[in-house]
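In the two assemblies presented below, chain A is common to both, partnered first by chain B and then by chain C.
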Partner chain A sequence: MSDAALTLVGDRPGRTAWMARIGMRRTGVSRTALLLVAPAATLMLIVLLGPLASVLALSFTDYQLGAPSFSWIGFANYQEMMADKVFWISLRNTLTYVAIVVPGSVALGLGIALLIQSGTSLRSWYRTIYFLPVMATLIAMAIVWEFMLHPQFGLVNGALRGIGIQGYSWLQDRHTALYSLCAIGVWQAVGFNMVLFLAGIVSIPRQLYDAAEIDGAASAWSRFRLVTWPMLGPVTAFVVVISGIRSFQVFDTVHVLTKGGPSKSSEVLIHTMYIESFEFFRSGYGAALTVVFLIFVLLLTLIKSFLAGRGAHDA
Partner chain B sequence: MKPHPRFSPWAVARHTVLLSGALVILMPFIWMISTASKPQTEIFSSSVHLIPQTFALWDNLRTAFVKADLWRILLNGLIVTVSIFVLQILVALPAAYALAKLRFLGRDTLFALVVFCILIPPQATAIPLFLLLHQLGLLDSYAALVLPFTISVFGIFLMRQFFKTVPNDLIDAARMDGLSEFAIVWRVMLPTAIPAVTAFGIFSVVAHWNDYFWPLIVINSEQLRTPPLAVANFRNNEAGTDFGPLMAAALVIITPLVIAFLLAQRRFIEGITMTGIK
Partner chain C sequence: MAKIELSAIRKSFESTDVLKGVELSIADGEFISLVGPSGCGKSTLLRIIAGLDAQTSGEVRIDGTRVDGIRPSARNLAMVFQSYALYPHLSVFDNIAVPLRMKRLSALQRLPLLGRLIPGRGHTERGISADVEKVAAQLEISPLLHRKPGQLSGGQRQRVAVGRAIVRQPVAFLFDEPLSNLDAKLRVHMRAEIAQLHRRLKTTFVYVTHDQAEAMTMSGRIAVMIAGELVQVGTPADVYENPRDIRVAEFVGSPKINVLPGAIRTDGGLEVFGRSLALSTAGAAGACRICVRPERIELGTGPFAGHVVHLENMGSEAFVHIGLDGMDAPLVARISDPRHLPSIGSSVACGFAADAVRAFDAGGRRIETVGQPRLERAREIALV
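Let's look at the complex of A and B:
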């Protein structure tokens, strides 16, 4: 997982590894080493591993913040979840969001990267512009989008009116709210994927194109089909999984723009978890929702590690 | 691919598509600046125009700074992001050095744990961390915003990979000069790792300046709000009444990072794409 991504940031000159053996001449070094790692190890335990174990344990309790005591209730939280319509709506919406944003942002990211690399002029300008949404604070830009999608005074409906089309109340209509959030998600993620693809395209050896041309691959399309696409295979798989993980975590736009509404039409997993845990303070039930979220994300992460492990051998 | 002459049909098509795409990407930014520059009467008109007839940016900015207390908010953003970054480096660098260059009991286990922890999404630990901070009475404070992020396992991993490439001779020479292991970390390793530290710094600052989820959970007080919290709150209070100052506030919140990005694009793209690893 890490190696494939590191090639994006690594590869600077002077990284020639010295194969010198690590020489430990002093016995004190081992103790010093422990002192050096102690703060990190302690914090890792308190802030990451401890909470991870706790969230799992909490999901089997009925703990509520402020309650004097709690009891172990086995799988009751999970049973409640399975019987809760909101959970299923939330899960379906999250999967819909992922199923739209991932292909959308990956395909557009790839298309833009290919177009940018296919010529030489204005390359860095385009790269900068498309990357801008990745940088800009999503909450601030979500609020701008909200006003762009304003039914009466927004730019989108204004433009639609201009060509004689009746617009929607995008974020207030249960048929369009989730898809509007998807559009914002794609808008924000395209630049990120584009940059990953650009790095992939640059690393394709030139000779492959020459060889393809000699073999009669004259058109741009056949060069893409025979060289670019197969060579980008590992990068594409990697980008798909990363986009999947990021889309699964969607929260900011939902919380500030729709609060999961109208009538739960844009409710997503992390938002449900947030409401249960931090507005109703049902820590136990929130923890169970977190565990479900974790299972999905870890599944995607495992795929990523698997792909990266394979990619490292190819490289 | 073959070089194309400057005005070939292909080049025209390439620029047409890329420019139209760029326009869509930029439209929210344009609309934000346009709305932030309009007086209320022009904002609430159903005829869409981008160039304001009366230029009201300064008025809107002034209103935003007063109503949303933006100076304080920007200062909060700065305090939180810088504290997080400095603490992350203080914790990560010694650990990364030990993991890369020293031998000690449990090193491989510790490194395996670091790699495992990279996989934990931040939302997963939110409930226990919130309960912990509640127990300690630290909710609604700078500490609540900073402490959970003092350790970046990703930072440790990145620095460790970088330190692996530093020649051992350099470290041996430093030891010969009588430097302690602590001194080696800060006086030998840190200077060699500046490019990696910069990339990581950009990644860290951008992530925490833009973070909404965690501040939303732990912060209640108005004077402790981070930039995303403040702008979301301003929107909840003002939405429907006056979009000019709201857009001006959004503009102010994104400006520091956007300017830094435009000044050092390559470094930023390098730093932020590292999030892919998380």
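Let's look at the complex of A and C:
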């Protein structure tokens, strides 16, 4: 603003003194504005942008946790990452996890929300039941799952034996470990998505359903297609992105149940990051992994803001 | 084109009776208004006709066929909602096309991408498109067809809602307070448009409103509903002139009819404030209420004296509020020439002709009155 004011005065030197005075006053205003913005901007710099910048800087160093010195090594960390088999495995596993958990938890969350909303009684009872996994500490729940999935004494294999099916060593088998974690991920995310969808469904005006009914949408499916699904568009976009980001961040279940094993079959990005940074103390390399992770989250956020912009236009 | 008959319609929500046995026959091509204060059950009645709600007991017949249990869409009625209920994600064109697509396309053909591959869809779509454009031209909304409802003004949305209703050529139109969300000026304009639409389509219109002015100006007959009952059905002029119940008299007409405390003497004569009127009745002696419309109050002459407490000058007419002893509410008189108004606080005499009186008994029912010529004075003013 002060720049604009100065150029305005500077561009037209022939103008009289009052123009300059306005310019001065504008500079004054912009100084006040900057002063008022300063506290918030400082906080944002310290809490958000600062750490981000230091992670980015750290990723170009060979810093090790606790080491007295470090040196700049440019893109060496990233080069190492590209050649690292574990990185590619954990990236592929993370993407698989996201590709299963996001559609699974979104579809189930929507389905359960629709069922609860169409029911006449016990609504808050069902809402509470499905929301329990969200409220519970995931680490504690992971231990419960460990018991449930235990090859010999587990409830899951016990139930399968009951109907005559041979159980698996769910978490110890490299073919099933990741998918078991996906199932736990879906179980954990469904309740949260359901609550968001319920809020969205409740806010759809009743008269739209009346209009759809009058217009000939006689089946529940056609009313869903004509009213519910489009009206839930913004909520769905939000739920998908939030589920996506949360799935990218999967760590606690992996750490408690499999530690990325067996033979890296359930290794995910954040777990690799943790191992590199806090077990091998290779903070520089860990920071490079973090940067890759942040790029994915940033992509998802961009998709969300693009969708949100479109949603606002529709409404 | 349809005749709609309602017999003994009752509706209860748990222990509350919303409709208490409504009987109404709506003729083919008629414009009838259901009017009443909010909460009287008129919208519920309309929803029962549409099939959106089921009645607790009673029968709805459309063209002689019982439609209870038949889905709203199968009744082939169109409805215009107070909030317009346009689909916000669809363009104006698609909004108007919805009922046609639901009717003419199969569920498979309506599928988002796959539908285009089903044979016959293109041809049907062209027919729908032609119909939508015809209706849009009629309602003068052709330039808006590609906009979303969010980009339209209230009046334009209203027209789109009407377009969506007429495009399917329904047997009857149901309007649920369609003008309530518009500003006063536009409301008056849309009133005329809807009345013209009725004259052009010659289809049955059932119009629900709480605004008695809308009902009076647009419809052929009005049905006044109060507390779940149809109190009176008749032409607007008849309901205005001959209300059969004091609630009807008080609801219809703006400003409200003046209600004065009166009495029936043992000889059958009527009196108000102890002064007898040139009227007698066969009703039982006791308290009654004497009602007079504001435009029938005459100022400057008459047996009553009061003072002006408030003036409302509308420009073309004015209302003078006169405080009378023994009455809480002021007497309201309409003056057609507002250039000569009494000043606030000045005392003024007033009276009314005997034939302006509508008398109601203590229960609110109308009492028939006959004039008493022997008592009448030359100017027919209610006398001492």
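In the analysis below, the second predicted complex is superposed on the first by the 260 of 315 C-alpha atoms of A that agree within 3 Å, B and C clash if a C-alpha of one lies under 4 Å from a C-alpha of the other, contacts with A are read in each partner's own complex, and residues count from 1 in each chain.
Definition applied: contacts are C-beta pairs under 8 Å (C-beta built on N, C-alpha and C of every residue); 3 or more make two chains touch, one makes a residue touch a chain.
None of these values were measured; they are calculated from a predicted model.
Contacts of A:205 after superposition on the shared chain: chain C is touched, whereas chain B is not.
Touch criterion met: A:226 reaches chain C, while chain B stays clear of it. Looking at the shared chain after the overlay, A:138 reaches chain B, while chain C stays out of its contact range. Chain A has more of its residues touched by B than by the other of chain B and chain C.
Once the two complexes are laid over each other on the shared chain, residue contacts for A:178 go to neither chain B nor chain C.
Once the two complexes are overlaid on the shared chain, A:214 sits against chain C while remaining clear of chain B.
Contacts of A:277 after superposition: chain B is touched, whereas chain C is not reached. The residues of chain A lying in touch with chain C in their complex are 205, 207-208, 210-219, 221-222, 225-227, 230-231, 233, 313-315. Residues 1, 3-4, 6, 10-11, 14-15, 17-18, 21-22, 24-29, 31-32, 35, 43-48, 90-92, 94-95, 97-99, 101-105, 107, 110, 113-115, 117-121, 123-132, 134, 147-148, 150-151, 153, 156-158, 161, 164-165, 167-169, 172, 180-182, 185, 195, 199, 206, 209-210, 212-213, 216-217, 227-228, 231-232, 235, 239, 243, 246-247, 249-251, 253-254, 257-258, 261-262, 265, 268-277 of chain B are the ones that touch chain A when the two sit in their complex. By the touch criterion stated above, chain C contacts chain A in their complex at residues 47, 50-52, 71-74, 77-79, 81-83, 85-90, 98-99, 102-103, 107, 110, 148, 150, 164. Across the interface of their complex, chain B is touched by residues 1-2, 5-6, 8-10, 12, 15-18, 20-24, 29-30, 32-34, 36-37, 39-41, 43-44, 46-52, 54-55, 58, 65, 108, 112, 115-122, 124, 126-141, 143-148, 152-153, 155, 158-159, 161-162, 187, 190-192, 195-196, 199, 209, 220, 223, 238, 242, 245, 249, 251-252, 255-256, 270, 273-274, 277-278, 283, 286-287, 290, 293-294, 297-298, 301 of chain A.
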